[in-house]
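Down below are the structures I want you to see.
Paired with chain B in one complex and with chain C in the other, chain A is shared by the two complexes that follow.
Our next item is the complex of A and B:
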């Protein structure tokens, strides 16, 4: 067992390493550089010292080795070019919790409502309730979150002044963006849960469980829910990595100082350390979530325990 | 004469689908006596499985057991019992095993706990005690190493062992009736024989009556006391095993027996098969459902379903050929199974 996970851990490490390498060289392969605009009209010597400051005067492969060295020895992502004097580490450390908060709240709304609606739809299959839930689900999937964000802003801040329009600081500030982020999730989860639930409900072992005299409650929660959980966990855990990414657009709309605001600025300014740093951050999270998924799988699905304990 | 423990009268089960009402079971009546094994045979779609599930009311939406159906267990009417009343009977008085034991065992629960389930429900046993009892039951159905096996999951079992575990699960409360819905279909032939033997042993030791649903006449020959032949949602002929095998009266039974491959069949000989397809049960035929495929069809067969003609005590068939006005037909030389 331990050997299996050690192997997975090594694979995960290599995956991240490859992502770093590819991102690094891709960024540098794009014509132009982050300093071009900034130093364009300055004298030659000043230009050169600028390039030297960020290490951009060296050949790309040397830059790569320096970067890797800094990253692995000191965990240092370097200094931002757009925001001089601030390290990428500090920007991520400040922005990530903010993005994650919206993401987690939104995901919580999406998962809880989505699963509940999905189960209701499954039990009421073919009835008006089912059609209604599926309509709402389709609706929520089709509407982009920024459209929904604007609608929420209009109704809940302009018409009825319940929540602040934009900004960050209190819980009230998090409600609208989380709702806008969660909406799409409701639809996705509801549809997923409905089909999973129906699939499990139709299994012979549910019938066999009923044939032993189990109560409806026990059949629902001990048999169906238990078995519907495996596919659900499979789709939820990888999403945890994307709670940082899904909120990028919403952060701009609601003026939230999360990762997204910095990331978008970094891409348009071709801020190498920022872009590479954030890419590493997110891909590491994703790879980690996959690793976690493997662990959780072993816990919840006995069929995955292939290796002798 | 032994006491009847199950009396099914005029059982009607329908499924409401988009295409219309599928009348899967249309007026099925049969009795089951103590310790008896009744085999219900028929091809796919004949309604035999639905009949089996209807006995313990495991018919789910969109299926309904229609009004007027009567299922009497020891004189007690089950047809109008609700889910919670049925729970007391399921797993304790009447149990059921299913065709594919792989899909009928919960993949996320240890086999021992699954067997213990009905003990906890019906005998209010504690978990530990029930589990120990489950291990005993697994030993009883001849699963080697039951202590270790009880702690394993269904996917760690072979097909035959799974079916044994299913049987253990169904019989742990020593029910009066076991409904076996094609218990051997998913198994290979040697394992089939073992499972049939096991069921017979269990029947002997626990005095359980069995309703065996199958399409395999070999299984029937090895296990049944009485046979009911189903076609198009109806029982077209029923009687003691010997009667059905040696003196069958319904053309469908003839055809069914004729389709069994024999050891003395010459290698170039074509296997017999019944031409045509079973009837559409959304618009079931007015007359005999087998009429369109019947070689001995009379004019009346398409118009009116005959009532059961008694042949001898306990053997009857629904066929116009048995009417005294019908022409005599010479059917067949001799059938061996």
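Our next item is the complex of A and C:
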């Protein structure tokens, strides 16, 4: 068992390393110069010192080794070009909690409503309620989140001034973006939960539990729910890393100073250190969450333990 | 059956009361092959057929819509800036006085082309990669899956953004950027199916008869994954359209004067406080199209693989 996890850990580390390499060279293959506009009119000597400051005067492979060294020895992502004087680390530390908050609130809405709707649909299978829930689910998957965000923004801030239009600070600011983020999740989770629930309901152990004379309530919550939630964990954990990407556009729409706003600003300004730093940050989170998933899965599902040994 | 009927009626001096009762054991319906059977099931699914009809209408409009309004999609008019819908401009005009009805259908053309072409490229790439990986198995499989795992751990949207930064702006490079990140899921799914299929008895039998790997792939594997492929293609269209809209929204999608539904949504969103009608039409169109592709995809899945139906 320990050997298996050690192997996974090494693989994960290796994956992150390759992602760093790919991102680094991809970024440096982009035509255009991040400092071009900034230093265009400055005298030659000042220009050179600017390039030297960001290490851009050296050949790409040397920059790569310096970057790797800084990253692994000191965990340093470098300095932002768009926001001079601020390190990428500090920007991530500032933006990530904000994005995470919207994402987690949105996920909470999506998961709780999605699971409930999915279970209702499974019990009312083939009835109008089932069709209705499944249609709502499909509908929520089909609407792009930013479209829904715009609609929410129009009705709840412009027409009826219930929530603030844009900005960040109070709980009220988080409600609309979280709802927009959660909507799609409701559909995905409801569809997933419905099919898992039906799957579990058809298993022999449920029949066996019923045969022992357990009440319907007990069968539902002690037998079916426990077994149906296991597969759900496999789709929720990887999503935890992706909340940072899912909120990108929403942050732009609602002018929220999260990671996405910085990322998009960095993209349009070709801010190398920012883009590479954030990509590595999110990818590392993802790889870590997959690793955690492996551990958790072994803990909650004894059947996996047998196979993976 | 008709020849049988003739023969029997010759042998008797009398007529049967009902021909049907005599042939009660016979096969009355023509035998259908898999695709005919699937099509028959699809026709019964009213929702999927309805979605298909709406899609055909939308596609028809993206082809002919721009020419029936009488305005060009790039033609600007200083006198008609930000005008609400009217008899002259059915969807109103934008901040440059361009006719939004025309632009909506021109944008739809771009969105749908990107969605459909992207989905096809994705599925073909995934089919080849997943097929090779699953079929040859062993070390090849391990290495190929490791590569996918690494590519898959860069978030899709970030990968798309990075690649569209490198390529020159334009529709072909948009499709390239969207597909580089998109084929991974298809490849995984095809691999899984191939792994399952190649253990089946009919493949073993075929191999025992001396069939080459190529003919096994052609005769057994491709036809069996075909239904998955069709469903996947349909379901991928909306997610590609979404990704395109996302890119347009952050300014990396199609560039002006060309447009797409995503770009129109982005423009409309900026003026939502003053001219909400500019957001409404592209929003409805993109959502309706994505919904129809999803509904059609669901219908196709039920029709092609009745086992999955619940």
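We adopt the following convention: the second predicted complex is superposed on the first by the 306 of 309 C-alpha atoms of A that agree within 3 Å, B and C clash if a C-alpha of one lies under 4 Å from a C-alpha of the other, contacts with A are read in each partner's own complex, and residues count from 1 in each chain.
FYI, a residue touches a chain if its C-beta (ideal position, glycine included) is under 8 Å from a C-beta of that chain, and two chains touch if they have at least 3 such contacts.
These numbers come from a predicted model, not from an experiment.
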item	value
Touched partner set for A:73, first chain B, second chain C, both or neither	neither
Touched partner set for A:15, first chain B, second chain C, both or neither	second
Partner chain in contact with A:2 - chain B first, chain C second, else both or neither	neither
First (chain B), second (chain C), both or neither touched by A:195	second
Most chain A residues touched (candidates chain B, chain C)	C
Which of chain B and chain C A:212 touches, first, second, both or neither	first
First, second, both or neither for A:204, with chain B first and chain C second	first
Touched partner set for A:142, first chain B, second chain C, both or neither	second
Common interface residues of chain A - those touching chain B in one complex and chain C in the other	none
Of all residues in chain A, those that touch chain B in their complex	126, 203-205, 207-216, 223, 226-227, 230, 300-303
Residue ranges of chain A touching chain C (in the complex, touch as defined)	11, 15-16, 18-19, 22-23, 26-27, 29-31, 125, 138-139, 141-144, 146-147, 150-151, 153-154, 158, 165, 194-195, 198, 241-242, 244-245, 248-249, 252-253, 263-264, 267-268, 270, 275, 278-279, 282-283, 286-287, 290
Complex interface listing, chain C residues touching chain A	146, 149-150, 153-158, 161-163, 165-166, 238, 242, 245-246, 249-252, 262, 265, 268-269, 272-273, 276, 279, 283, 286-287, 290-291, 294-295, 298, 310
Interface residues, chain B side, partner chain A - complex	53, 56, 58, 62, 83-84, 87-92, 95-100, 103-109, 117-118, 121-122, 153, 155, 166, 169-170
